[in-house]
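What follows is chain A paired twice: with chain B in the first complex and chain C in the second.
And then the complex of A and B:
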């Protein structure tokens, strides 16, 4: 059978239910909708961002929520040369692990830096939120990080 | 370290489909059937000899639930048989079978795995294995995340883009001797560095190919193993460990889960291995795994070409065990280590130590 003879059928896999994200991620998403970022106290005074319901390294219970950011430091990055169809930015951008001010761990997000030459490990970035009317309590309410002026990018 | 004595269990047969970019005409069952036939025929065994069947695959590639049940038709399970499945690479299915065989009730098991990456977009599918709330909505591909890891390694001064090209060149050159390899090349590292970036700092050559494939292994215990294979590849230790799914909580330049699994599998006890088959889909990951396994320069690494030469999702790890075992059967290796990985940036790792002597089956593992 040649490739042209292959039968094709559409199949939609759908989960028609809603799920609560719980007290910790719920607080994180609520904060994002208000233009803030929160983490949670983990073991040994660490502040975990995004917050988790347990310390991901020790498994212990976490403590209080803490405000972090909106600025932070890039601890690792890569450059998406061509955005894919699922990406929320329509132009090249950086993937980055960003350790927000006040946080111990880094969070994965994107840096809308325009050019890979603007990126460097150790550079400072700050959060760019969507306009309030467009926020919906979602990780993409934080649209992207952007380089801070004179923040150490190349 | 004291641990209970292990029941000697060996890898005695191995077969794999020829790895291809697109298996267009055969479905998963049709892809598996000749592989299962071959893995039995090589040792004169049949499904009736198998006390257990365990498979590794993912419904996300097929796009339908419980696809692994259909795949059992490749074996034929009438009368009913003891069977299990993991939504993971077949190497982890092999671990389950090995654990069951330690109980002593069965003497042989079939392990198989399969996956066709070509019908969908495997980079999008694998994004779905990430945290669904804070990570997956960004749709980072495995390439994007591996590139973060590579950049972290470069920033730490532990790799250069030239070294990544050297890893790719060596694996794809070695793959010339592998009739099942998908991507073979004699291109020099210098030539490879002319490749475009896919996600910087990873160029095309540092990425695994997209592969459709399947593989199968027969495990046998004690005398059964000797009956089927003159020089069985005895599993002296096998272990797997996982790291947190919170990427920002990990040191991406290290693989502590690989190192721990290796320790628990007894890799660092006894004589050093002479051969390693490591499952490093991205070139820089071979450097990280080599360090975690403490492989010296004398160790032959990936004579098959590894995952850079063929990366059938859900089978590439099981194939590492099969390739390493085949070299012990052929007396090309006395002691070998096989490694399999799962998840983003080497999140979960399995280490399997194989030896030509069952006298080496001791406490390794816990």
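And then the complex of A and C:
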């Protein structure tokens, strides 16, 4: 580089954060490590997934944990044509809002559908968990949703 | 509870590391400063209107709004204007605590920049203390403030408060 040029450098910032998850989100992540998905019941009877720590209507503590899924319905999606470096799948996939069976709200996750032609709003999907030995109490213990056979995908 | 495993530990902590990859371009003025560091010299820039010398220069005078085209080589010596003693350990810490981070005003400069103060106990660092830069060995010099290992006391008498109070 000549003296007339400006310098360019790679600059990396790493923040090794760890957060305490508390009783509600802790229950959600614990359930994922056990291959289950849980939500919480709100004051209006809605089952909120992932669970919120406070009732979104009243601000009070939330109610009971509820098991939901593992199947659900895609309510919206978009296609990730090429996975980025930080994505956990090494091939194209869909970002999707999935309303799990028994839930009122939809959660954001991915659908490992192989091809965008296999995706459709309203299609049925089911959770694919990592093998138990690879789970670590993380949202990616649920590795992806996959289309249910004859679940309404195209 | 389908799929529940016996003996699973409750999850209480979630690791959420954040990794940010930037490509940093310091611009023309700071490139001059950084190239100076790679030669083991401090290069600032002087405002043609007010005459103040900025290091590192941003390429223009924040008071007069004019380009600071004149490059000025500054000495390795200056004073501590203000400082803080770091007593708290943190991830990635490179220096043994307690240590001192100071704003160093080089002789001839009109703005201070941050430097590490070493070769003196942290509780003996003081405002107005005369210091000099200690550079890394020549073969380790690079276009980075890492070229300056630290500043150390020169042993000269402290500067008078009035001489640097406008830089606090």
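List of remarks:
Everything below uses one rule, namely that the second predicted complex is superposed on the first by the 134 of 154 C-alpha atoms of A that agree within 3 Å, B and C clash if a C-alpha of one lies under 4 Å from a C-alpha of the other, contacts with A are read in each partner's own complex, and residues count from 1 in each chain.
Note that in this section a residue touches a chain if its C-beta (ideal position, glycine included) is under 8 Å from a C-beta of that chain, and two chains touch if they have at least 3 such contacts.
This structure is a prediction, so every number in the text was calculated from the model and none was measured.
Using the contact criterion defined above for the overlaid structures, shared-chain residue A:15 touches chain C, although it does not reach chain B. Of the two partner chains placed around the shared chain by superposition, neither chain B nor chain C is touched by A:133.
In the superposition on chain A, contact is made by A:6 with both chain B and chain C. Touch criterion met: A:30 reaches chain C, while chain B stays clear of it. In the superposed model, A:52 makes contact with chain B only, not with chain C. In the superposition on chain A, contact is made by A:77 with chain B only, not with chain C. Shared-chain residue A:95: touches chain B; no touch with chain C. Shared interface residues of chain A (contacting chain B in one complex, chain C in the other): 3, 6, 11, 13, 21, 25, 29, 86, 138.
Residue ranges of chain B in contact with chain A, taken from their complex: 24-25, 63-65, 123-124, 127, 133-135, 137-141, 144-145, 147-152, 155, 196-202, 244-249, 252. If you check the complex, the residues on chain A that touch chain B are 1-3, 6, 11, 13, 21, 25, 28-29, 48-50, 52, 56-57, 75-81, 84, 86-88, 95-97, 99, 105-110, 116, 121, 138-140.
Of all residues in chain A, those touching chain C in their complex are 3, 5-21, 25-27, 29-30, 33-36, 67, 70, 86, 129, 132, 137-138. Across the complex, chain A is touched by residues 1-5, 8-28, 30-31, 34-35, 91-92, 143-144 of chain C.
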